[in-house]
């Protein structure tokens, strides 16, 4: 299992802030996980598709497409931050 | 009359913080006033002589040797500032 | 160092006293408070809600304070960042940096504040006359962070 | 703007509240507190005495705040500077600048503080184990002021 978190605009668009996912065997890195989520349907493709302003952290560190995803990871999707 | 003020190290060296002076007829500018004061004796030459780290304000604005001195002026001699 | 994310308000005098801890080496205390304005990008703002990423937010701010300590000669730093619903005039964020001299304290304080505005995981939703909207990231903020070549 | 030279201590929270005056355009509050350290140039300092030039000090600080307002987009600024005898840990000086955004508030606050350290008519006498001594001006402070090309 991995934990996937969604924040702010993404949390609202996807209707969830957190979910547990059994790591699909084909998913080895962030790019693979994102493709897996986008395949869920239109809302997912709309929120996470290529060119969308989405940032990703893996285990609370900013991550790139080729960041490996392994069992137990915490992966968070969120828009560019707008703090303070 | 003019008012002459001395601050900090100069005030202590000269033993006065403030004095009223009848403006000597020969004194037309700051350079002239300083020469007049230096002529008072050794303590004055030592405190205000050429090369000494002395700053001067006339009517509360920083002044230079050629700043004119006229009746009623407030002239202040002090060391380089060391505030805050 | 101290990093807190909280809904409660804060008092800068009390936070400075706690951070100084009567350390007689401290000569300079630079600080910054961010406040909710009643207008943003031309629209009147009635209230805003700040969301964060619990865990990562604190960790990333601690990381930036560690970076600041590596770059400048400072003693300590505190960040308090509020989340939840805030109204105009409410305090949002406090950064305090203590050091021996003012130059380093100012630079480190601004560096941490730039990070908070541009890289720390906070998201702002504003309620205006036209409804609620998530605030988009500003390019000017990215440029402010670029100055420091902040990593991550 | 507010400029005060006083022997009494100050409280930054109260001063910020007074300076903001519930102005909902204020988004950024940069501030600085200078504190007496127990050591200067390698010598332990038991206490120090600050002297100023009444009238010129206030006038020159008001002038520098006016310069800051001309250079940066800020709303208001406050300077409180203590004089008289102070001991380690005592607060010496407070600068607060309010503005819409942080960059201008930080820059103006540091600008005013650099002026106070290098150009405003204050003189510091320190009491150390070796007796009392007037502090000499620092070249590093002059360089800090030069950055801004401060006049006067």
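In this document, chain identifiers A, B, C and D correspond to the written order of the chains, with residue numbering beginning at 1 in each.
In the analysis below, a contact is a pair of C-beta atoms (placed from the backbone, for glycine too) under 8 Å apart; a residue touches a chain by one contact, two chains touch by 3 or more.
Computed from a predicted structure; not experimentally measured.
Engineer: Starting from the Cα centroid of subunit D, hunt down the chain whose centroid lies farthest away.
Structural biologist: Of all the other chains, the one whose centre lies farthest from subunit D is A.
Engineer: Where the centres are mean C-alpha positions, what is the separation of subunit B from subunit D, in Å?
Structural biologist: The computed centroid separation for subunit B versus subunit D comes out at 26 Å.
Engineer: Measuring centre to centre with CA averages, how many angstrom lie between subunit A and subunit D?
Structural biologist: 49
Engineer: Measuring from the mean C-alpha position of subunit A to the mean C-alpha position of subunit B, what distance in angstrom results?
Structural biologist: Subunit A and subunit B have C-alpha centres separated by 73 Å.
Engineer: So, what's the distance in Å between the C-alpha centres of subunit D and subunit C?
Structural biologist: So the centre of subunit C lies 23 Å away from the centre of subunit D.
Engineer: Touching two or more other chains, which residues of subunit C qualify?
Structural biologist: 34, 113, 117
Engineer: Identify all positions of subunit A at which a residue touches two or more other chains, and write them in rising order.
Structural biologist: Residues of subunit A never touch two or more of the other chains.
Engineer: Would you mind giving me the full set of chain pairs in touch?
Structural biologist: A-C, B-D, C-D
Engineer: Touching residues of subunit D toward subunit C in the complex: what are they?
Structural biologist: 11-14, 16, 20, 22, 24-39, 88-89, 100, 102-103, 105-106, 109-110, 113-114, 117, 144
Engineer: What does subunit A use to touch subunit C in their complex?
Structural biologist: Spelled out, the residues of subunit A in touch with subunit C are 5, 7-9, 11, 53, 57, 60-62, 76, 78-84.
Engineer: If you look only at subunit D, which of its residues touch subunit B in the complex?
Structural biologist: 34, 50-53, 55-56, 59-60, 81, 92-93, 113, 116-125, 134-138, 152
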